[in-house]
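You will see chain A twice below: alongside chain B first, and alongside chain C after that.
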Partner chain A sequence: MSENILVVGGGPAGLNAAVMLSELGVNVALVERDSFLGGNPKKFKYKFLFPDMQPADNVIGELIKKAEAGGGIKVYYSSEISDFKENGKKFDVTIKSADGSEKKTFDSVIVATGFEHFDPARDAKYSYQLFDDVIDIKDLERMMGENNFVRPSNGKPPKKVAFILCVGSRDRHVGNQYCSRVCCTVSVKQAIEMREHFPDCEAYIFYMDIRTYGFFEDLYWQAMEEHDVQIVKGRIAEITSGPDNTVICKGEDTLLRGPFEIPFDMVVLASGMEGGPQSPEISSKLGIELDEHGFLKPENITLSPFKSNKPGIFLAGACTGPKAISDSITEGAAAAMNAYTYAVKNR
Partner chain B sequence: MEYDENGVSIVPSEFKKEIFEEARKDFRYEEYVRGCLNCGVCTGGCPPHRFFDFSPRIVLQKMKSKDPELIWTMMDEYIWACFQCFTCAMICPFLNSPGGIIAVLREIAVRRGFESAKKVLKPYSRVLLKLTAYGNQLSPDMIQPDFFPDWGPTIGYASTDLAVKRKAIPMPTLQVTNLAWDVAPEAMKELYEIFDEAGVFKIIESVDPSLYEIIQDIVDDVRSS
Partner chain C sequence: MALEKQEQRPAAEKGEHIIARHLIEDESIKEEKNLVIDGVDVSGRWNTFILSRVDSEFDRSFFREIKDTVVGSRINRCWQCGMCTASCTVTPLYRRFNPRAFIYMMQLGNLKELKKYIDVAWRCVGCYKCSQRCPKQVNPAEMMEALGLVIKKYFPEEVHSKLKADEDVKKIYDDMIIGHGRLDLAKLHTSAMQKTGRTKELLGKIERDAIFKMAKDGRAFSILRLGKPHNWSRSKVAIENYLKNLNTIENGEAGV
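Then we have the complex of A and B:
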């Protein structure tokens, strides 16, 4: 008889975990709250992924195809865990979906519930939702994905666009002191993409630091050297409306200009990542720890970042903190290996 | 600030160190001065920054430098350019309060009777007098066209026949013209106790000795009544 493993969440991490486990001959129950697989990259229609501008569908689409191909994976769409009990070293779980409730026993569990994009409307100084032409990186990603890159206010292509980094990250006022890790790289990627496809549209990036870590640094050099992206040091203090249907970014260029007020056709906010409401929910349901940032807390952040504090429950992807899709996929594999080992040992 | 013939500040470095230590020992220091990565949000949102050579980011950075010389350079004019609107504190992602630390530095300047403090407080002597002697700030008889041109064209009418107009207010304590409201002697005595304990009278003595004398005359009168 093969092992039964529960994977909660059908984003990059959960998908990869499920696919790897099924290749090991495990019976996988993949519980997904949405009516589709793919997580946030699918939900918000990410178009190209950094660093190599690979179409998101090549990555996410591939994983979804494998998960939906059958094999050992049973996908529960629009579903959730309604009851969770430990049973010795195993777990008795009730999965609630549109088709009703199903009670099953699992040998181990992988939690890959992911993240939520920070809602920039929570930080009033950016005037998100107040001005149509203030959007965020996920909105722009969707626009690009739908080949509809125009100003929301008048449907015309913008001529000057500002990217503002660290929105909802590294800011004690909104309660997120941490860095969301990927938004710098995503913004730089988007600026390059925009300059490539719309060469007569100027791009500005306003930053406190640019954290295009590791090899992603190449992108930011490329943005300056090959795509003439203006990179200005200074976080934006306020966004107001300007003449001729513009939005004005107000701030201090701490290195060169001093105080500035620059009108733009469109502003793109690099909103960060949050644990979302699902993290505390799954934390209390499964009895696993939550950290001070609102993400799930690994047992040992360095030695076993994919283990929860509870034996038999493993963690993967952005549910333990902001990370890139590639890292989530790696963690999915790591969690799959650990969940499998635990299941085999305790059969 | 005083300089020698070469333009070098003649304030001894020991004194500057003392000023910095006084600020750092203030109970609010730890709360107001935290991390800073020079993002410029505070200065970007700072109203006086648009009019003066003044930047809350520089204030915070100088405090963080812990260099008494740098902090001393702000004690003369710099700290008085701030509007104390606390926009900086409202938007700083680190929860620093440049406006707050400026308040601390200003208090030091006032307590020690620095020239800058005297100069800045001079136009407020009438307000200081009312406030410390009677516990209220602006009285009807202070509203004169010359002092309040921004109150519009009716200011001339508003400043005449004050006694009659105030009688129309149905609260007896407001039917006075030399005060915003009539303050009971008991309340004033309590107020003086508070000012004594908090060192307010001492501060006024150091920044404006003649004003202090006028206030003390009133205080003595009330206390002996």
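Then we have the complex of A and C:
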């Protein structure tokens, strides 16, 4: 008899975990809240992935294809866990979907509920949703994905675009003290993309620190050296509307020691990542710990970042903190291995 | 090397032949009228020396002093992102008023640099936009109060010579705060208009419209209803006593 393992969440981490487990011959139940697989990358139509600009479809599409083709994975679309009980070393779970409720017993559980993009409207100084030309990185990613890169206000291509980093991250004022890790790199990637496709559109990046960690630094060098992206040190404190249908960024150039108010055609906010409403929800349902940032808390952040505080429940991907897609996929595999070991041990 | 001073040479203007003269402050230039080194007369062009302009110390005792005050207790949080200056109401009017830079100077104990800003350091209007937006909750608006305390303490003479309290305004404020325990904005506005000689405008269209609007939505009546804070007379006595004692102490110290 083969093992039964439950995977919650069909994003990069959950998909990879499910695919690896099914290759081991495990019966996988994949619970996905949306009506499609692929998580946030699919939902917001990410087009290219850093650092090598490969199409997102190469990665996410491939995983979805494998998950749908491989036997042994049962996908529950638009579903959620309605009841969760421990049964010795196993877990009794009721999965509620459009087809009705189904009760099953699983040997182990992988939680890969992912993250939510920070909603910039919560930080009123950036005037998101007040002005059409203020968008955030996920909106720009979708625009790029739909080959529709124009100013939302008048449908014309912009000539001068500002990227603002650290929106909703590293900010006590909005309640998120952590760095969201990938928004710097994503913004730099988008600036490069923009300069490549629209060479007469200038790109400015307003930064406090540019945290393109590790080898992503190459991307940031490339943006400056090959694409003439200009970086300006200073956080933006206000976005107002300007003459000729522009948006004005008010800030301080901390290197020059002086305030500026500069009109732009379009402003892109590098909104960070948040645990979202799903993290506390799954935390209370499964009885696993939540950390002070609103993400799920691993048992030991260094030794076992993929284990929850409850034996038999494993964590993967951005549900434990902001993460790049590659890291999520790695953690999916790690969690799959651990969940499998646990299931075999307690057969 | 023997330095000998000679007299009777024509005096040149201080450092006039230094090419980037505007970058160097007067006190950094050392110049003798006439100078002989080892028997060689180096008067004129060669006797100008520029003292080192390198900062050679970070004064942490100063930082701790600020940290111990109530208003400056969060100075160690600041990471110099510039959100405060970017939000500032005053900076667009006085570019030299830069809360971020002031906080940095206070962190490093750079009194030499702070001294240059004595004339603008008091310009904070207390709108608290910076404190509301600061990502680290440093509370820059109150940090500007700490700055005022520091400047008053370390440069009393400069403060005295550069800043003069407006006695009329001070009296209006004192009367309001001590007498009523709250600011009366209408009175402030009227007295400001009187002081700037714009009494006529008080009955202008803007004012009339404002009064009409406030009467219409009821705000005017709520202002009338609001009296003094509860039991203010006791507070008033306490404040007056405190101020009296303060004056006695100050006068005592000054030997009056």
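Before moving on, here are some points about what is shown:
We take it that the second predicted complex is superposed on the first by the 345 of 347 C-alpha atoms of A that agree within 3 Å, B and C clash if a C-alpha of one lies under 4 Å from a C-alpha of the other, contacts with A are read in each partner's own complex, and residues count from 1 in each chain.
Assume a residue touches a chain if its C-beta (ideal position, glycine included) is under 8 Å from a C-beta of that chain, and two chains touch if they have at least 3 such contacts.
Everything numeric in this text was worked out from a predicted model, so none of it was measured.
After overlaying the two complexes on the shared chain, residue contacts for A:M208 are found with chain B and with chain C alike.
Applying the stated contact rule after C-alpha superposition, one finds that A:R257 touches chain C and leaves chain B untouched. Contacts of A:R170 after superposition on the shared chain: both chain B and chain C are touched. Contact with neither chain B nor chain C is seen for A:E116 once the two complexes are overlaid on the shared chain. Looking at the shared chain after the overlay, A:K125 reaches both chain B and chain C.
When the shared chain is aligned, no partner comes close enough to touch A:D34: not chain B, not chain C. In the superposition on chain A, the residues of chain A touched by chain B in one structure and by chain C in the other are 125, 166, 170-173, 208, 233-238, 250-254, 259. Those residues of chain A that touch chain B in the complex are listed here as 125, 166, 170-173, 208-209, 233-238, 250-254, 259-260.
The touching residues of chain C, when paired with chain A in their complex, are 79-83, 85-88, 91-92, 95, 98, 100-101, 129, 132-137.
Within the complex formed with chain A, the residues of chain B that make contact are 37-45, 49-50, 55, 57, 90-95. Partner chain C is touched in their complex by these residues of chain A: 125, 166, 170-173, 208, 233-238, 250-254, 257-259, 261.
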